[in-house]
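The two complexes that follow have chain A in common; it is paired with chain B in the first and with chain C in the second.
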Partner chain A sequence: MASYETVIGLEVHCQLQTHSKAFSPDSAAFGARPNHHVDPVSLGHPGTLPVLNRRVVDFAVRLGLATHSRIAPRSVLARKHYFYPDLPKGYQISQFEDPICTGGYVDIGRRIRLTRIHIEEDAGKSLHDQDPESTLLDLNRCGVPLLEIVTEPDLRSAREASLFLQKVRQLVRYLGISDGNMEEGSLRCDANVSIRKASRAPLGVKTEIKNMNSFRHVERAIEYEVARQVCVAKAGGTTREQTMLWDPIRQETRPMRSKEQAHDYRYFPDPDLPPIVVTPEACAAIKATLPELPDARHTRYVTDLGLPAYDAGVLTDERPLADYFEAVLAALLALDGAPGVHACAKAASNLVMGDVLRALKANPSAGFPVSAQRLASLAHLRMSGAISSSGVQELFMLMMTQKGTAKEIAMRHNLLQVSDDAALIPVVAQVLAANPMQVEQYRSGKKSIIGFFIGQVMHGFEGSADPKRVRVLLSKALDSPAP
Partner chain B sequence: MTVSVEQVRYIARLARLAFSPEEERELAEEMSAILGYMQTLDELDTSDVMPMTHVLDLAGVVREDVVQPSITAEEALRNAPDSCGDYFRVPKVID
Partner chain C sequence: MRWATFGSTRAALARGETTCEAVTTTFLRAIARKRHLNIYTYVDAEGALRTAREQDRQLATGEAPPLAGLVLAVKDVLCIRNWPVTCASRMLDGFNAVYDATAVARLRRQGAILIGRTNCDEFAMGSSNENSCYGPVLNPRNEIYAPGGSSGGSAAAVAAGLCHAALGTDTGGSIRQPAALCGVVGLKPTYGRVSRYGLVAFASSFDCIGPLTNSVEDAALILAAMAGVDERDATSAPVPVAPEPVGLTDAARCAGAALRVGVPKEFFGEGLDSTIRCSIEAILHRLRAAGAVVKDVAMPHTRYGIATYYILATAEASSNLGRYDGLRYGYRPAPDGRKRIDLHALYAQARSEGFGKEVKRRIMLGTYVLSSGYYDAYYAKAQRVRALIREDFDKAFQEVDALVTPVTPVPGIKLGSMINSPLKMYLSDIYTVTANLAGVPGLVIPIGAHASGLPIGLQLLGRPFDETHLFRLGELMMQLAKD
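What follows is the complex of A and B.
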């Protein structure tokens, strides 16, 4: 495999979260009873006139701006012709020569160039397995708006393809234009895959893989297809240009029947739909509503908040989580005696990435289990040393079901630990005085015996002393010259 | 510019149309004549002219993203040659 380079280009279809369809006022919501979200336009009845949904244009511009694309001041909707029962008009409204966005990019560590982003409508759904003699059609999805994102052949591995797709999903969710749900088909991906001997060689013959509906499928399918092409090449054969279907059960790609291929779409501008116009003013107005995007947020978390890149990655993955984290941090910084921004950010990050994410995972539909303000009170308590790391977890669980600040609940349940020097120092002195032999051992180099002293002091407080502070006080006493 | 009978057959197949051999020959002649006539335009220099995609001088026509009540599933299925429960039913397209 080492002697071949993999070249991948992706076509990503993203279903937009609009109320109504792209060209008609019937509902675009997912999950309705079959054929209950249809109207004469989406059914392709003769004599109907499609009218473009304004929000579809807004969403396309949002994604275009977020990917640094050029937004066309004027773009054209075109008809793409093919016959299939789930496309009742006999053509799909799409864009061909003049797409709304061109020449953007997405960074995945490397820069992946986008050829274009264009608007199109979805087709209906065919059910082939309900009836041995016939195909059943649900046309609810007909006319649901999509954006198709087409990359240049810039991706070099199955892993990169999956990373790119995850980045697109994150972006459309941040922008609020799609839920990016691959299982429900809101995010779909076709991959054009080829191999070549050297990185400057001309592109090899490509195959197109369809039917990959999870990030894992995308990776597996491309890996399989690359291995297959390498096998063909090593046996002295040549890859045929064809469309492959990923079979997730057998974990292999296989050619689609040739009858389903060989398309000649006969694109032409749709005479029913006047050109799409995006004025510079409209573009600027949309730009002003863009949220801070994940990459910018990530950079800010690392440079301004001093967080490790790993934390920044986890926290910025989803916009609601990042918003929550920032609310916690703001509340924490407003509390009396809060240390600097970096320390507060790390304390808030630890709680959000640990306890909060764990609770969210256990019960995803319940939302954030503890308000940002209350989580800040917990972080504050932890930073003051008044509660142990194991105590934090216990207290967090209690906060999910009980009212009050972290401190109030901790007092109620006796979770506070002693970290106050005035209380700790006398006990430290007592323990040292009671164990002169061990003190001698420590001073003659057996430093590990400090654990014994910590245990003794903790015992004196029935386990509720701050072990970190105890260690500091013990070290100080033991390392000072003997009286 | 001539359109061959093979080209007529190809276009007819894409449009799911069937013609007799005489009709194919006739169509090839007619389409050749139309394209020949259009070739007159090649005499003009159109390098500075923006392609015209629409006849009407309209652009930027949009509607607000509002759902409006439309036809019921029963009404939608009523015009179909065949249906099954909530679904349209068509001949099997794959086997």
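What follows is the complex of A and C.
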């Protein structure tokens, strides 16, 4: 396959988390009983009219600004016509000639250009597999707002397509405009795929793949389709321009019936809806409310907090986690005797990436019970050496179910270790005095015997001394010239 | 008919000379007597009498709403909660509206007694009221003639004394032309003046709801009650509504001297009936004598009006009527015994059988002009001509305050005479369509009669949102016509 280059463009549909629908006061919430969010407007009853939900415009502008797009001061809603039972009006309100955003980009290591982002409404759902005799309709989704993000044919592999989608998902979640859930259909994607011999050659004939509802399926489907096109090309054939459906069970793409493909959508500006106007002032006001986006946050974590790129990546992946991490760090820095920012950041990062993420994964739905303030107290305890690394894990688990600061719980469960020099030095001196032979061996070069001394000191504290500190004190005493 | 106008009824109610119930009963009896005119498609005698009795109680305690006693008929294209709405089409067979149109709701709150629905052309498409699944309406002035259309039932109901007033809709002249042919007052308000919510759409950027009445004062009262911005119609205008025009007659008399009236020569060309021309000229002569300035104005793009209108209105209609597919409500063809129904065949059958000839003709015309490859040549070009026609009006209104024109080129439409010549029918809209293309208000008043008994109407066109001026002028000219 090395002799062919893959060219992919994506059309991503992202369902917006507005309370009401794009053009009616109906609830846009997911998961209601079928056909319960269906006011006369959603049903397209005679005489009903759409009225644009301004929040949809705000959300579109948010995504537009976050992807460096040009925001149109005036954009037009258009009708896209086709007949289907889950489309009650016989047309979908969308944007055609004048979309709200154009010319943005998303970085995934390489820059992927966006052709446009536009507003549209969702159709209802046709359920073909619930009843042996009939197709059932659920019209709850009719009129739920969507943004469609269209890329230039800039993606070069199935992996890149998946990375791009993940980046879009991260972005819309950061912006708080969508939950980006592919399985529930709030993030959907169609891929236009073609191959060509050389990277400068004109674009080949593309096929459009539909019905991919996870990142994994996107990757698999595109890989399959590319392989299929290469096969066709190698056999001397040409790819037909057609729409393919991904079959996740048989793991293959296959052509849709041609009857479902030939569409003349007869777009024209919707006479019920005045143009969408976004003034420069409105745009600036929305810009002011944008959160720090993942790329900017990542950079700051590495340069300002001194975190490894890996840590920065994990922490910034989801906005709530990054927000939590920063709250822990702020709380930690406010505590007495906290070391520098870099050390605190790393300590907080270790806890968040380790114990916190593990706990969240084990029980993703439950509310997380350890406040940032309390986690900071744990980090602080750990940095002071008052608790061992294995003690940290145990203490963290206890904090999940018990009230109090890390120190209070550690004291209650006897988890504190002695790291106070005043307590440790007399015992170190005692051990050395009691074992002159071993001291001699150490001093004559057998450094490994320090383990023996550490064991003796730890024994003196019944295991609850800080081994690191003990080692430091022992080395200091042994390496100093004999009295 | 003693209480032909609401104005006179209201005065009689105030003097205690009659009751709402008595007035309503009188109309109900008249409706029963004139059943052969085929005017009403539905009469809610019980509901009307219940409202009337309630209002009589309120009148006794001084709590009656301002329009108490107004017996109102409604064109069968406006939604009234729990009433059938059929648009005179088989397609909406068995469909009941689940909500009140905004205009209806406002009038109801103000005290209107809804007595029934009136016959019309199917989906308001026609100029003779012969395209109706209920059959044609007879013109009460001369029963071998059509009442005009599409609000033929509404005009005939007012002319025959079967209600005080009726609501009609005007997309290309559908209030004004039947008003002229039945000899009543008809107002097409400025586009956006009255919410379209609940008006079953024909052509969304043209459709207007307006009153048909026996006096200018009644038209003004009804407009004031239903006008104003509506959050359910994004095209409704936030322009304040003029208060109820008290003392219309006196004000109109005084206004005569300050009037500047334009006569567009393009509206008086070849094809205009000579009696109509003479009647209008006679009135203009009297108007001049009353002190008004009457001058010629140019409306050079008028001749493109019909072509432009029939491209844009059919385009919008083809889109608006896409929702009637036989699946969710209304007409559903009888199954032909096959077990599995092909979806597209079902659509085709439902729409072929459910729609009448004229509606299908317009859907096909509209579908054609929006088709890819033809859009620019037809739809886009027609939009540009529409802008030019609007400019004609803007320019004319810099010189004059209103335009005086005929309403229809022909004195009347004999029943059955135009059914097979749709083009001739379309051309008869020549004097009315430009007001819809420009969105300006138009008032039609009766000014005389032909020897056949058929009335002669006159059209006044005014500046956007200046209906008040039209009312004053209309009142004045009706007086002049009587003198």
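Basically, the second predicted complex is superposed on the first by the 432 of 483 C-alpha atoms of A that agree within 3 Å, B and C clash if a C-alpha of one lies under 4 Å from a C-alpha of the other, contacts with A are read in each partner's own complex, and residues count from 1 in each chain.
Following the convention adopted for this analysis, a residue touches a chain if its C-beta (ideal position, glycine included) is under 8 Å from a C-beta of that chain, and two chains touch if they have at least 3 such contacts.
From a predicted model like this one, the values you see are computed outputs, not experimental measurements.
S.K.: Between chain B (first) and chain C (second), which does A:85 come into contact with in this model arrangement: first, second, both, or neither?
M.R.: A:85 sits against chain B and chain C alike.
S.K.: Per the contact definition in the header, classify A:459: touching chain B only (first), chain C only (second), both, or neither.
M.R.: neither
S.K.: If you stack the two complexes on chain A, which partner ends up touching A:476: first (chain B), second (chain C), both, or neither?
M.R.: Touch partners of A:476: none, neither chain B nor chain C.
S.K.: Touch test for A:264: chain B only (first), chain C only (second), both, or neither?
M.R.: Both partners.
S.K.: Can A:47 be said to touch chain B (first), chain C (second), both, or neither?
M.R.: Touch partner of A:47: chain C, not chain B.
S.K.: Output check: A:34 vs chain B and chain C. Expected answer is one of first, second, both, neither. What do you get?
M.R.: A:34 sits against chain B, while chain C stays out of touch.
S.K.: Quick check on the superposed pair: does A:136 touch chain B, chain C, both, or neither? Answer first, second, both or neither.
M.R.: Once the two structures are laid over each other on A, A:136 reaches chain B alone.
S.K.: Which partner does A:70 contact after superposing on A: first (chain B), second (chain C), both, neither?
M.R.: neither
S.K.: Under the contact definition given at the top, report the residues of chain A touching chain B in one complex and chain C in the other.
M.R.: On chain A, the residues that contact chain B in one structure and chain C in the other are 40, 43, 45, 51-52, 81, 83, 85, 264, 266, 271, 273-274.
S.K.: Using the touch rule from the top, collect the residues of chain B that touch chain A in their complex.
M.R.: The contact residues of chain B facing chain A are 14, 16, 53-56, 58-68, 70-73, 76-77, 79, 82, 84-94.
S.K.: Mind listing the chain A positions that touch chain C in their complex?
M.R.: For this pair, the touching residues of chain A are 40, 43-52, 79, 81, 83, 85, 88-91, 259, 264, 266-268, 271-274.
S.K.: Going by the contact rule set out above, which residues of chain A touch chain B in the complex?
M.R.: Those in contact with chain B are residues 18-20, 24-27, 33-36, 38-40, 43, 45, 51-57, 74, 76, 81, 83-85, 98, 126-128, 130-131, 133-139, 257, 260, 264, 266, 269, 271, 273-277.
S.K.: Please output the residues of chain C touching chain A within their complex, sorted ascending.
M.R.: Residues of chain C touching chain A: 78-79, 85, 87, 92, 95, 97-99, 101, 196-201, 203-205, 231-235, 315-316, 318-319, 321-323, 325, 327-329, 343-344, 347, 367, 370-372, 375, 379.
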